[in-house]
Each structure stands twice: as structure tokens, then as C-alpha cells.
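In C-alpha cells below, several structures.
What follows is a pair of complexes built around chain A, which joins chain B in one and chain C in the other.
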Partner chain A sequence: MKFTIKRTAFLNRLADVQRAISSRTTIPILTGIKIIADRDGLTLTGSDSDISIEAFIPIEEESNQLEIEETGAIVLQARFFNEIVRKLPEETMTVEVLDRFQTSITSASASFTINGIDANNYPHLPVIDENESFHLPVNLFKQVINQTVIAASSHESRPILTGINIVIENEQLLAVATDSHRLSQRVIPLSMTPEQAQKTYNVVIPAKSLIELAKTLEDTAETIEMMVTENQVLFKTENLYFYSRLLEGRYPDTNRLIPDQTATSVEFDAHTLLGSIERASLLSHEGKNNVVKLSVNPDRIKISGNSPEVGNVEEEVAFKSMTGESIDLSFNPDYMKDALRAFGQMDIKVKFTSPVRPFILVPAAEGKEFIQLITPVRTF
Partner chain B sequence: MKFTIKRTAFLNRLADVQRAISSRTTIPILTGIKIIADRDGLTLTGSDSDISIEAFIPIEEESNQLEIEETGAIVLQARFFNEIVRKLPEETMTVEVLDRFQTSITSASASFTINGIDANNYPHLPVIDENESFHLPVNLFKQVINQTVIAASSHESRPILTGINIVIENEQLLAVATDSHRLSQRVIPLSMTPEQAQKTYNVVIPAKSLIELAKTLEDTAETIEMMVTENQVLFKTENLYFYSRLLEGRYPDTNRLIPDQTATSVEFDAHTLLGSIERASLLSHEGKNNVVKLSVNPDRIKISGNSPEVGNVEEEVAFKSMTGESIDLSFNPDYMKDALRAFGQMDIKVKFTSPVRPFILVPAAEGKEFIQLITPVRTF
Partner chain C sequence: MDIGLLHFDEPKRDTSRKIIHVDMDAFFASVEERENPNLKGKPVIIARHPKETGGKGVVATANYEARKYGVHSAMSAQRAFELCPHGQFIPGHFDLYRAISAQVREVFRRYTDMIEPLSLDEAYLDVTSNKMGLKSATLIAQRIQREIWEKVHLTSSAGVSYNKFIAKLASDFHKPAGLTVIPPEDALQFLRELPIEKFYGVGKKSLEKMHELNIFTGEDLYQRSELELIHHFGKMGYSLYRKVRGIDNAPVQPFRERKSIGKEDTYHQILRTEPEVIAELRKLTVKVQSSLSKNQKHGKTVVIKIRYADFETVTKRMTLPHYVRDKEELFFQAQNLWYEIGMIEKGVRLLGVTVTGLDPLTFENIVLPLWEAEASNKEIETEND
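Up next is the complex of A and B:
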């Protein structure tokens, strides 16, 4: 194998693939990056066996300045190879496999020779039937990911809760995550062929995979293709394939958790409320119980936090409107901060049923497309 | 004590003082910041007992929007207080000491009440005789600090080597640091009164103190005043006092370490050489012995590094001129990188005497004002 390429073009793709590579893997060859040179271009592959990423650098794209003198394949230690490429002196670089998988990387007068591994030993990626695919709008799907992963569990005690449950049916995609203290659910419409609209998919994708996927998705891409098999999902853009394993098991029925009654409803500017919660949480973080107290009355909404060792904070929060009964309750401010940040700058409604039952946050412009739920903390 | 102030003005000064505050101190009150309000303004003090910083916010500077309603003093937990001030909702804030050192911090409708400590319990700062002072040019002195601290030792086995030896005599300031493997020395001229020029100062200031000092020095200030007592040094700009303890003991005589003969001299562009060393060190870092090899011949200068597990790198380095004998030697590339970065973008000369004796780096434009020395590593 021997090729010459523009260093920056190569580095961008290397960075994409590197997201899948973990230095903590127990399979030594997976600390490496697989490079295949064929007549169409270069294929780079990285994997931690949960996530695999394959990036393609086409020879026909002139800006890559890619020339392949000899086809072939090699696996090179990823972290190290990346550092070398980043530090090379010239705009272009040449990679050549020599005897016994030794690989030379040259640029101007600098010449590295590093030990490679036979690419035949690299694990095969899952084969996914490309017939069963549908398109997702990139920007909207990134939003779905960022808005739901916050509520996924980070504890392995119930592995299924570390994933996002994605249900596709009736020409819409529903994503939901819960760590059993809070929940985030988002729905987006999909455009599908009549045939696709007939089918239903229900999968649980590790939140970690989706977080990495969101990072690799360029905003320039308009749509991404999604394909599902029994235990794998593949997301595909023009030159990037992103594989993730699926979580096994049944995702809990979250629908019954969302209250359908409202005793009290308050409309806030999400950003203003976030500022108040951040201040209150400064003190709650110092205490044993990380809770802040919200006190809702028709004429006055108050947030307070306290820590016996440090002191207390109290603030009157500006709100847009309030309907229903007065209510006092306590909650974990970190859940509230995550939820409010996911809304960004918009008006929201917070709907309470009772001090001990979950309350929900929804966009003030109603609709069911985005719901966040938080369970209060009993303090009495 | 009660005052109102523009939050951003307060935060800037708070950040300066916070540099001196360590959360790892064994003296609880030193995790706090002392605030004194008097008729002239606010004085903030932070200290970790090695370094103490005092910042003054004058009432007469209108941009501070400082109003003092009641004079007084308090000590508040620094990290926490800083976070509160940063998160307050409005442009101005009010601090008021209530009963039993409880202190309220209010801004718009947000109101914090935190536990303070009696300011009388705060340790006193050293008293330094301000008569014996002289002026240092700020920009040049920052350069001196940044160019010498790199060679100071970070090991406490010989505490004196963790400091910078500063010698002021004959209207010049000499700063030198060495960890016994390398050395960095810088000399700058001082403008002094005839009376000052008579005196000699020879002190060892902890490198850590000087690093913090360099960070607090604003480039807008032209000169800084330096005052020395038996065991303390004070650096003083208009509204900032920076105290550091001095290291006790005799600094070794470094003059005899600097070779006065040259067998081989090579002129490089410092930046180009740095690039080559960085590449070579990628491989040396992987090996047990972190060394790279330099091979100097009249027609060719080569740098190489290798690690049996990973591979090797070899590079021909561009140089401007070379005089003297051919020489091969090995050294720690990290020392070389630090040294070259301290020169920045300029032409330098590297002067060798023998493969086992220290070599030096100086600006190509000669002069003795800046010398860096590195001891080679014996590899045979």
C-alpha cells in the first residue's frame, strides 16, 4: 500500500474515525485504525466494538489531493499515528507499507517508520441490509439526540436505561430517555414512502453512541440514512458510516409516567428560570441533599436553596402567567438545569399536579412534540 | 460593612486575589477572601501563606460604581463567594454584613445570605519598608520570568532549586534557574538612582510565585516596584500588592556551569528546530529513555528518535550555518522544546563543546543577555 494525500483532508477524516477508538479496549487491535487503499480512495475504520465508524476519502474529490500508487491495507496504532500526522512539516504526506507491516510516513525531510499490524486481523464490521433504510433530517435529529440524552441513566445497574428508546411508526420518530427520576421525550415527523410508513421499528440505542454520532454529523449534510437490524443500527451519510450496537431488553413503558392532569401551570422564560435555578443550586450543592425549593403563589413565585454550613439563597422569579392552585415542592436543581438548557431560549410551561407527583415542562406554544418530566424530592 | 459595586469591576479584582488562594491550605481562614471597606475604597486580600495578594478598588474611580454605605471588614469563603458574584443577575451588587458575621449579597431580586468569619482572625501580611524600592519594566520582567521558570526544578528534594535566583547589581538584573540538568539565565538593564546602583540584592524567589505574578501583571502597567526584606519580596503596581516569601539557603554558583569554549556552533531558526524536535520526541516519549539523537556534520544535520516497540523517526534539519567539528550527541527533547519555545521566533546559535558536556543556546545576534544550557544524556 502506498498513497500520498493532503494532510488536512486526511486529519479531518482521521478525527471522525478516532471517536470510535478507545484506549481502554481489551482487544489490542482496536487501539489501531484500519486504512484500506483501493482504486476509489481510502477507507478509514475505527471501532471500540460498541461503536464502529468508517470514513471514506474519495480519490475523485480533487481537494483531497489523493494519489494511490499501490492498493493495500494496514492497521496503525491510532493515537500515535494521529500525533505524527498532526506534526508533519509539509502540506502533503506519503504513507507506505514496507516489509513485515512496517509503515513509513514521510513529509518533506521527516520520515517516520512505525510498526503496523496485518489488516486481515481486524474484526469485520456487521453487515447491514441496505434495503430497509429511511432518511432522517440531520439538524432535527441532532436536536432530538441532544434533548433526550440528558435524561438517560449513567448507571449500569439497569443497562436498558443507559439507552435512548427510538420508536418509528406512523411517519414519525419518537425518542425517549429516562433514568427513573426524570424523563425527556421528543417527537419529530418523518417523510416516508407509503411502504416504509407501514412498518414499525422499536430500538434502544446507547446514549453514548448517539452523543458520538451527533458530534460526527456535519451541519452541511441535510439527511442521514438509518438502517436497523436485530442488534445493530447504521447511520450513513455520503462518506461516513456510523455503526452502533443496540441494547437488548424491553424498554419500560414511559407513557404511563407522564401525568395527564394539571393542577398548576406557570409560564416562564426558560432562560430566566435557568438563571434563578443556577443561583439556588450554588447553595444546594454544598449541602447533603441537593434540593431547591419552589414556592408558587398567584402573586409571587419564589425559589430558595440552603446549606446549613454555608448559608441560604432566596429569589423571586419573574414569570409570565400562572393558573391553578398554589403549590410548594422541592426538586434536584441539576435535573431542572439540564431540562431548561435543552429548551434554549423560549417560553415554556411548567405543569404540576401535586408536590409528590412528577411535573412536566413543555414549550409554551403547547404541542406534544417535546416533554420533559422531573420527579420532585420529598422533604417532609 | 455595606457597599454597592459594579459586578464586573469587582470580579476582575476578585480574580487577581484568588490566585493566591489555595483550597489545599491547612489554615482554614486562608480559604477565605478578606474584604475591607474604608472611606477610600475596597481592599481585597487572598493568601496561601507563600503568596499574598492585595488588590485595591478605589472609590474615586467612577467606572467601579462603588458606593460605601458603611465601613468594616469580613472574610468570606473565596471559591463560593466568587461563584455567587459571577452568577448574580444584575450589573450591580450589594454586600452587607449582618449579625454574627452573616453576610448578605443581593442583586435584583436574588438574595444570598452566607456565613462569614471575623476579619480580625485573618493573618497579618508582612510589613515591608517601602523606602528601599526600585522599578522594573513590566514587559521585560514578564519575559525574564517566562524565560527562566522553565528551568526551575519541580522536585522538593533540593528546595532552593525550585526558585529563581535574582541578583540585582551594577544597574542590571540577572535571573537564573536550574534543575541541575538544564539552566536558563537572563539579564536585563535597570534604570536606577546612583544611590540604588550602589546596592546589591541577591534573593531566591519561588518559581511558583513568579508564575502567578506574571499572570497578574497587566500589560498596560509600565513599571512595577520591587521591595526586598530578609524573607519577603513585594511587587507593587498601582492597585495591586503581590507578596511572596523568599527561599532560604544559598543558591549554587551557576556561572562555572556555563562553558566558555565552543567546539561546534550551528545557527538555526528556533521555530524550525522546534518542529523537528517535536516530531522526534513523539517517538522518544514512547521509549524507556526519553532521548533524541542529534548528528551534526558540515553538510548535514540529522535528528532521530526511536522506540523499539513503536518505530523510529529520522529527519534532516535545515540550518543556517555551521562552524567547527562534527559532533554526535543525545539529549532530553523536552528540555530542548522548553528552551526553544522560550526564544520564540528568532535565529539562535547552539554551541557544543563535547558529547558529554553541557551545550548552550543563545540568540544568534550574540550578546550574553539570554543563555540556555542543556546537559546531554550519555547513551554509550
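Up next is the complex of A and C:
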């Protein structure tokens, strides 16, 4: 195998594939990156057995300045191969496999020779039937990911809750995540063929996979293709294949948890409310009880935190409008902060039913496409 | 003490409090003697006879007669038997000891509610202000000793001083049935004459180190600088520097926080199948949960204990990012721990479930009922079993 390529073009793809490679894997070959050179271009593969990423660099794309002198394949240690490529002096670089999988990397007068591994030892990625695929709008799907992963559990005690439940039916995609103290749900419309619209998919994708996927998605791409099998999902853009394992088990039915009644509704500017919560949580974080209290009255909304070990804080919160009954309740400010950040700068409504029932945050402009739910804290 | 730019003032002594330490004399053994007068004058060792247990037991207490042979608590019963072969080995009757301990505590409570029990047989009392309005702590100690005798026919030793540290040393000074009073003006002299191993916290290892440093008595300790003691003994050095100067401000804590709540069960019929184990775990978690809510506590760490048929005992713990209180969650965690380490083929004779890292339940994170449907299904399944 021998090829020459523009270094920055190579580095970008390398960085994508690297996302799937963990240095702490128990399978030694997975610390490596597989490179295949054929007549059409280069294929880079990385995997940690939960996520696999395959990137293609086509020869026909001239900006890559890719020339393949000899086809072939090799596996190289990902961590230092990446470092080497990053630090090479010239704009182009040449990779050549020599005897016994030794591989030389040269750029101008710099030349490295590193030990490679026979690519035949690299495991095979799953073969996924590409017939049953559908397209997702990239920008919206990235939003879906960023808005839901915050509510996924980071604790392995309930593995299924470390994932995002994605349900596709009736030409829409519903994503839900919950760690049992809060829940985030987002719905986006999909454009589907009548045939696709007949089908239903219900999968749980590890949040970690989706976080990595979101990072590889370029804003320039318009759509991403999604394919689902029994235990895998493949996301495909033009030159990138992203495989993830699915979580096994039944995701709890969360729809029944979202309250449909409202006793009190307050409209806030999300960013302003976030500022107040952040201040109130400064002390609660120091104390043992990470709890802040919200008192909602028609003329005045007050947030307060009391941590006997450190001190207390009180602030009057600016709000746009309030309807319904007065209410006092306490909650974990961290959940509130995560939820508010997911809204960014927009007007939101916070809807309460009771001090011991979950409350929800929704965009002020009505609609059910985005809901954040938080359970309050019962104080004694 | 000077550290870098900083100068620390010498610590000052607070002699305003009146503390009594009461220690029942050879408590368990004395109870047995009381119950069975034939034991009087014989060496009594509270432990199962090593011949019955294959040499496994540990001595809980020995009476003064047995102590003459070198028998002491925490010694293996086998060793005690070697030292004192004609000793009367008696398995402990702990329900009785607990009942008597409660009677003794009633005596204390006549004088103060500031009682800090250390175990069944000893407690600190703060009598600075007391229910009888008595000025003299010595008089209170005398009355308490007499009332304990009248009520339960057992002797106790008491120490009276201005802090817990000296009061405990004092109660140990004349035993049995002794009363030692160490007023502030005598305290420093008393401490300086004390052998170094009497200082609380000086165990076997630090004793060796003390001796290496030529520290044998309180006096030797007193001569060392604070920095030197901190250098050699860390936090204990800091505390010893103060103790030998008669400074110990630790308050009498009447409500010592419970650190854990657990339940365990021994099975006469060894459990040989997984469904049996799971069903027992469910029973235990229900009990633990109800005890947690009775005590208004919640904790983050779940521990299971398994004793196999061959007496091998293992424990495994799981610390969660949030408090567990809900019984489903508790059961789920206990079950997972069993799946992680349990070996059903070994046969199970004891199971225990404990929640530790307890905090008072001043707040509770409400949990979404995600698994409600699932849990009720499971209950139906186990009922069918």
C-alpha cells in the first residue's frame, strides 16, 4: 500500500474516526485505525465495539490531492499515528507499507517508520441492509441530540436509561431521555415516502454514541440517512458511516408521565431565569442539600436557597407573565440549569401542577415539539 | 505554633463543663454472676466454649477473676481457654444485657438527657446543668452509682472531670466500683503521669513509634512541640498536643447519628435456588425500607451480605449518585449486587441488606414512576411462584 495525500484533508477524517477509538479497550487491535487504499480512495475505520466509524476519502475529490500508487491495507496505532500526522512539516504526506507491516510516513525531509498490524486481523463491521433507510434533517437531528442527551442517566445501575429512546412513526421522530428525575422529549417531522411512513421503529441508542455522532456531523450536510437492524443502527452521510450498538431491553413508557393539566403557568426569558438559578445554586452546591426553592405569587416570584452549613440566598426573579394559583416548590437546580441551557435564548413557559408533581418547561410559543420535565424535591 | 508567615495562638482550656463517664464493671460477666450465684468467685468468660465452635469464637467480656489469668475481651476463645482451661465459658445473653442497659439509662435520664452511650455498658453524661439542679458532679456520680446498684444489683465505675477524655480516663482509674474525680487544677498533673498508651488513639503501632521517639508518659508528650507531633502523627499529633494539655472540646452527643440501617436473616434451611434468594432479598428490602422511613433517613450506598453454607461471608456495595428510599429501587440494587457476586451453587445460609451513608431525610428527590407497571408485574410473578 502506498498513497500520498493532502495532510489537512487526511487529518480531518482521522479526527472523525478517532472518536470511536478508545485507548482503554481490552481488545488490542481496537486501539488501532484501519486504513484501506483502493482504486476509489481511502477508507479509515475505528471502533470500540460499541461505536464504529468508517470514513471515506474519495480520489475523485481533487481538494484531497489523493494519489494511490499501490492498493492495500494496514492497521496503525491510532494515538501516535494521529500525533505524527498532526506534526508533519509539509502540506502533503506519503504513507507506505514496507516489509512485515512496517509502515513509513514521510513528509518533506521527515520520515517515520512505525510497526503496523496485518489488516486481516481487524474485525468486520456489521453488514446492514440499506434498503430500509430514511433521511433525517441534519440540523434538526443535531438539536434533538443536544436537547435530549442532558436527561439521559450517566449511571450504569439502569443501563437502558443511559440511552435515548427514538421512536419513528407517522412521519415523525420522537426522542426521549430520562434518568428518572427529569425527562427531555423532542419531536421533529420527517419527510418519508408513503411506504416508509407505514413502518414503525422503536430503538434505544446509547447517549454516548449520539454525542459522538453529533460531533462528526458537519453543518454543511443537509440530511443523514438512518438504518436500523435488530441490535445496530447506522447513520450515513456521504463519506461517513457511523455504527452504534443499540441498548437491549424495554424502554419505560414515558408518555403517561407528562402532566396534561396545569395549575400555574409562568412565562420567563430562559436566559434570565438561568442566571437566577445559577446564582441560587452557588450555595446549594456547597451544602449537603442541593435544593433551591421557588415561590410563585401573582405579583412576585422568588427563588431562594438555604444551606445551613454555608448560608442562604434570595432573589426576586424577573418574569413575563403568570397565570393560575400561587405555588411553592423545591427542586435540584442542576436539572433546571441543564433544561434551561437546552432552550438557549427564548421565551419559555414553566407549568406546575403541584409541589410534589413533576413540572414541565416548554417553548412559550405553544407546541408540543419540545418538553423538559423535572421532578421537584419534597422537603420535610 | 508558627507555620510560614502565620502564628497560631496556644490553644486554651475550657473547664466550664461537668462530665461523667460511667462504665459498668465487667458488665456481661457480672450479669451472668447475678443470674447464677454459683459463678461467684469463678473465672467467667463470655464466649461460646471453643470446643463447641471448633475454636472460632471471640471473648466478649471476662470477669475480674478471669482477667487474673490474662483473659480479656476481643481475645479468641481458644486463646482464653489455653490461659484459663477451668474458666466458665458462657454464651452471651444479649437480649438480657440490652434490657439491663436500658434500665441503667433510665437512671441517667433522671439527671440529664445529655447522654452519649458508647456501647451497652458505658456512657458519657454532661451534667453541667442537670434536672436535679445539683452543683456537684461528684455527688451526682455517687447517686447514679448507688441507684444503679439498687435497681439492677450491678456495680459501676465512674469518672468525673471537665471533658470526655479525662472523665473516661478517670473511670478507668479505680475499678471495680470506683469513683475518681479529676478537677481542673489536678488534671495536668494527672495527664503528665499517665503512661502514653492510655491516651486515646495511641494503638499498638503508634505506641512503637512513641517509644522510638522516647515518649513513654504524658510528661514526655507534654515536652514535644505541636509541630513535631503533627509531623510524626498527623491529625492525631494535633489532638494529642491538646489532650495532654487537658483540652478536649468534643461535646456529649446525645443523638449520635445512625450511619447505616440494615436487616439480615439466617436460614435454617440453606437456600439452594436463585428464586428463593431473590424472594428473601425482596423481604429484606421491604424491612430495610420501612426502618429507613421510620427513622426518617435515606442513604446512597446499598450493601448486601451473603454467608454461604460453608460460612464464607462476602459483602458487596454499590454507591449511587442519588439517595435510595423507594423499595423498588432498593430491591433492584440488592438484586443486581446478588447477580454480580452471588454463587447459588454454594448454598446460602444468611442474607443481609444494608443502606449506609445515611443522611436525615430533610428532602427527597421525587422519582418518576418509570417502573411501576413492571414492578407490579414482578410481584404477580413471584406470587405465582
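Assorted remarks:
By our rule, the second predicted complex is superposed on the first by the 380 of 380 C-alpha atoms of A that agree within 3 Å, B and C clash if a C-alpha of one lies under 4 Å from a C-alpha of the other, contacts with A are read in each partner's own complex, and residues count from 1 in each chain.
The working rule: contacts are C-beta pairs under 8 Å (C-beta built on N, C-alpha and C of every residue); 3 or more make two chains touch, one makes a residue touch a chain.
Computed from a predicted model, the values in this text were never measured in an experiment.
When the two structures are aligned on the shared chain, A:Ile114 is found in touch with chain B, with no touch to chain C. In the overlay built on the shared chain, the residue A:Leu183 is in contact with chain C alone; chain B does not reach it. By the touch criterion defined above, A:Phe80 reaches chain B but does not reach chain C. In the superposition on chain A, A:Lys288 contacts chain C only, with no contact to chain B. Once the two complexes are overlaid on the shared chain, A:Glu316 sits against chain B while remaining clear of chain C. Per the touch definition, chain A reaches chain C in the complex via residues 154-155, 157-158, 161, 178, 180-181, 183, 252-254, 257, 288-289, 291, 330, 332, 356, 358, 373, 375-380.
Every residue of chain C that touches chain A in the complex is listed here, in rising order: 296, 318, 320-322, 332-333, 336, 359, 361-371, 373-374. Here chain B touches chain A in the complex through residues 77, 80, 83-84, 87-89, 102, 109-115, 275-276, 278-279, 282-283, 286, 309-318, going by the rule given at the top.
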